[in-house]
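Each of the next two complexes has subunit A plus one other chain: subunit B in the first, subunit C in the second.
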Partner chain A sequence: MINALLSFAFIWCLTYGRLPVPVILVIGSGLAAFLFISSRHRHTGFIVTDVLAQASRLKSVNPTLKVITAFALIIVGIASPSAWTGVFLALTAFLIATFGGNISPHEYVEVLSIPLAFLLIGGLALLIEATPDPTGIVNINLYYFYLTVSPLAQQKTALVISRAMGAFSCLSLLSVTTPMSDIIGVLRRMHCPELIIDLMYLIYRYIFILLTMHHEMMNAAKSRLGLRNYRTSLRTTASVYSNLLARSHNLASQNFDAMESRCYNSGISFLENRVKANAVQVSACIVLLTAASAISLITVMM
Partner chain B sequence: MFFSRIEKVVLGLTVFVAAFFVLPPTAEAMHIMEGYLPIGYCLAWGAVALPFVVIGVIRLRKTIQENRRALILLAMSGAFIFVISSLKIPSVTGSCSHMTGTGLSTILFGVTSTSVLGVIVLVFQAILLAHGGLTTLGANTFSMAIAGPLVTLLLFKAGKALKLNKLVNVFVAVSLGDLFTYCVTAFQLALAHPSETGGVLASLVKFLLVFAPTQIPLTIVEGFLTVLIVIGMESFAKQELAASSYGKVI
Partner chain C sequence: MTEILRVENISYKYEDKYLAVNNVSVNFSAGELVAVLGSNGAGKSTFFLCCNGVLRPQTGHIYLHGEEVSTKKQLTTRLRQSVGLVFQDPDSQIIAGSVESEVSFGPMNLGLPFDEVRQRVDESLQQMDIVRYRDFAPQYLSGGEKKRVSIADILAMRSEMILLDEPTASLDPKNADALEQILRDLSQMGITIVISTHDVDFAYRIAERVIVFAKGEIIADDKPDIVFASQATLERAGLKKPLLFEAWETVRNGTVEFYGQARPRTIEEFRDLLAGNIANASQRIKHVSAGNNTDPSLAKAHTATMPIN
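Moving on to the complex of A and B:
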């Protein structure tokens, strides 16, 4: 609800004076209604992106190609002087994830709605200035000073927001099409220190063990009225977390014994299913990068 | 004139109180989102954070060479930080809050481990939770895994030297470390997006103000929760606690 209200205020400040008021009302209330509805359906608990990546049709595409393309697109998006590059990247990422990766649009948007709070609050900070005189398009009189929105601030904020939307869409595209283990494999091939790679593999594995453990403990606590009021729920959360650390240390110890009994010396190896990138996939990535760069260049020339 | 002066002051105060206690939609650690910083700033913050991480990796490698069991413990600690930072904690406003986890991590595992584990956890948060980003990794690492933990450690040690009550010390160190992380992040944002009229300083005030309603209650709740976790560990994870940095400092 609050996100919906904030987004309406943000759209109003961003577009006031540039679009007719009825259009702003339609866009603002549409976005607000969408956020309000989607926030009521949010899944909680386990990591959504990992589940989506495992189920994605694009999972089998060469991970190195996916990581390099996503990173290059993020760089093009951030470096672009045009707000349209961000819009292009966001739309393309949505189409690739939903049609190419066969993920439902609802699930993809749910992943994107997570960074939205930051985008809205940070966006409002960029838009609004505190000035002694009412010099902007929107001026709110706060008795001692005015909160104003200037046309230049609108322009700058639109650029920052579209860049951010483009960049986080590309990152989300990578996370919903590439499982974490594949990304770690790419980092290994890029000669990232062995210690970091080993730690990443192990942390990735342990995250799910700890989440399951936490889920069971919280269920047990809930069934014993451990979350009946704020005071009790704080105490329960603290007990669950401290128990989680104790149990995780025990588990780590057992894990090490198991690894040592299987001749673990250093370096953890996994069998990887290596897929070569075919010509069509490479060309598609090049076309995408060229299109994003072309939009930026055309804007500069115009 | 619609409002008298007193009415305006009352209205202003009401809005402020409402903004502070009712509005926060989500209270998460303040990670700078993907695409929010221009490339120059991404590279600069990366360059600032890199030496700390490199020193961290070298020191950890040495520790692991001496004791191979440490690798598994470190990995489990990293997973623990990720998990507690991704789970909801009880919140006064009914909003969705998450711990940053770095305060507890600094007290348990020390600054060096926190800096290396911090980078890995931030990569996982960016990819698995869409929280933070890859290009903003340097800036986020500096604020969350280096600056905040350093303040927490310094305060924790100073508190010990001043013979402050152990739990009060934990609360102060973690809360102020968190508060410092939030200030550093606001500074990073202000530096990249200075205000048209007042420059970096005005922009810093704006970012501090808009994020204050979510971040200040979070630092206090996180401080309390960390104290409760330490109390919990002292009763049923004594051995693990003794092996951690906390056990060595206390």
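Moving on to the complex of A and C:
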């Protein structure tokens, strides 16, 4: 809901004065409606990207190929001087995840929703300036000063946000098509330091463990009328959060014991997918990279 | 029998305050099937953690194959490789995002070749009947399914000794029976199995040896028949007699006269023994009343309902 409103405001400020108003309205409300509809389908709980990756049809593609392609696309997207590269990457990632990976669109949007909210808020902050005079395309008079959107800010913001959006999309695509155990394997083969891999993996795990625990504790509180009214809700929430820290600390230390009891001493590794990449997959990745680079090159030349 | 693990006078204090394991000495041989019993907080789980080397006892010695395990390095390598531990709470054991990754974690840490790991994972998933959950996220499984994953974790490591902390606590009867069979098979193969449990019936049925913990100490370590016959031990440990054991005692101390010292451990044995004794008894009746030309079947029916003396 918030994302939908933000995205409308963002599109409005970004394109006002460049596109005819009806077109802006159509694009803005279309995007807002899409975000609204796909986020309305709520899960009990939250989405774990690893679960999506396990169910994805693209799980069986060679993970090294996926990781390399994703990072190459990110580099192209960030290096590109054109805002269209980011748009292209975001759209392609969405299409690949949903049609190729067989993930439902609302699940993909939900994965993206948190970074998206940050991006939209950041985007609005970049677009809107406070000036003493009404110099922009959009000017809102606040008595002492004006909130303005200048054409230069529009241009800059479009580039920054599209780069960020493209990079986020590539990462999301990677994380909803490749299980963490595979990504770890690839990083290890690329000689990434063990410590960093272990930390990355454990942090990733604990985010979900914490969320699950929070969810369970809130349910337990609800079942005992802990959220009956405003006062009890406040108290319950406070005690849940303070307990969350103690419990997660405890769980983490037990988990570590359990890992050590199975002969762990640094260097987490799991069974991973070791399928060889076939020619079709490699060429698909090359086409993708070429298309992304072509878009940025074309804008440079124009 | 070859000795696998021996602990001598080990004690463990949590935070240097609460004495959870107090001066415990015990040894385990290859292929033994041992049950560890004790009330809540008796120190069973702590004892297991010490045997696996996760906790380092403040006092005492641990010997693996007769050699002392004392340095940190030995604890982490030799002890943990030889002694597998299934945790009481699967949530504190499970760390991976999918069942397959989870089960592969232990074997990967052993540094085994890739194909070997894959084969072991397949096998233990099959043993615990969780092949269909291979790609599932463990946190979305039910309690009993998680428990089975945590057992598969350790089966895949193929340790020579396996400690199971309350393995049957959340399993349904069918899966509990399957687990029982797996444990018996492993024990037949020479793997030492030590089970901590509150389920005295399960312990009585499966174990060749019973160790009873109370307040961090071992108060009994003997054959099940002897341990469960001692009312004093059971009371001290806050345990009950196994149902079958008690039923048999009731029958024995009652009106029917039985021969031999055998006690039934399973319901089938109970039935056979009962039938065997009645047949014996009816033989006697036949013998006595042969001169009276009584119908033997009548005599048999008679013995089943009437006291014999």
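List of remarks:
Everything below uses one rule, namely that the second predicted complex is superposed on the first by the 221 of 302 C-alpha atoms of A that agree within 3 Å, B and C clash if a C-alpha of one lies under 4 Å from a C-alpha of the other, contacts with A are read in each partner's own complex, and residues count from 1 in each chain.
We take it that contacts are C-beta pairs under 8 Å (C-beta built on N, C-alpha and C of every residue); 3 or more make two chains touch, one makes a residue touch a chain.
Everything quoted here is computed from the prediction, not taken from an experiment.
Judged by the touch definition given at the top, the superposed model places A:163 against subunit B, while subunit C stays out of reach.
When the two structures are aligned on the shared chain, A:139 is found in touch with neither subunit B nor subunit C.
Contacts of A:180 after superposition on the shared chain: both subunit B and subunit C are touched. When both complexes are overlaid on chain A, the residue A:281 reaches neither subunit B nor subunit C. In the overlay built on the shared chain, the residue A:271 is in contact with subunit C alone; subunit B does not reach it. Of the two partner chains placed by superposition, only subunit C is touched by A:54; subunit B is not.
Taking subunit B and subunit C in turn and counting the residues of subunit A each one touches, the greater count comes from B. By the touch criterion defined above, A:263 lies against subunit C but remains apart from subunit B after alignment on the C-alpha atoms of chain A.
Of the two partner chains placed around the shared chain by superposition, subunit B is the only one that A:248 touches, whereas subunit C remains out of contact.
Under the contact criterion defined above, the residues of subunit A that touch both subunit B in one complex and subunit C in the other are 50, 180, 205, 209, 251, 255, 259-260, 264. The touching residues of subunit B, counted against subunit A in their complex, run 5, 8-9, 12, 23-26, 28, 30-31, 33-39, 42, 57, 60-61, 64, 68-69, 71-76, 78-80, 82-84, 86-90, 92, 95, 108, 116-117, 119-121, 123-124, 126-131, 133-135, 189, 193, 195-198, 202-203, 206-207, 209-211, 214, 221, 224-225, 228-233, 236-237, 240. Within the complex formed with subunit C, the subunit A residues making contact are 48, 50-51, 54-55, 179-181, 205, 208-209, 212, 251, 254-255, 257-265, 268-271, 274.
Across the interface of their complex, subunit B is touched by residues 2-3, 6, 44, 47, 49-50, 71, 74-75, 77-79, 86, 111-112, 114-115, 117-119, 121-122, 124-126, 128-131, 142-143, 150, 152-153, 156, 160, 163-168, 170-172, 174-175, 180, 183, 193, 195-196, 198-200, 202-207, 209-211, 214, 227, 230, 233-235, 237-239, 241-246, 248-249, 251-253, 255-256, 259-260, 264, 266 of subunit A. Within the complex, the subunit C residues that touch subunit A are 49, 52-54, 76-77, 80-81, 84-85, 87, 89, 91-93, 95-98, 100-102, 104-106, 108-110, 114, 117-118, 121, 135-137, 139-140, 153-154, 157.
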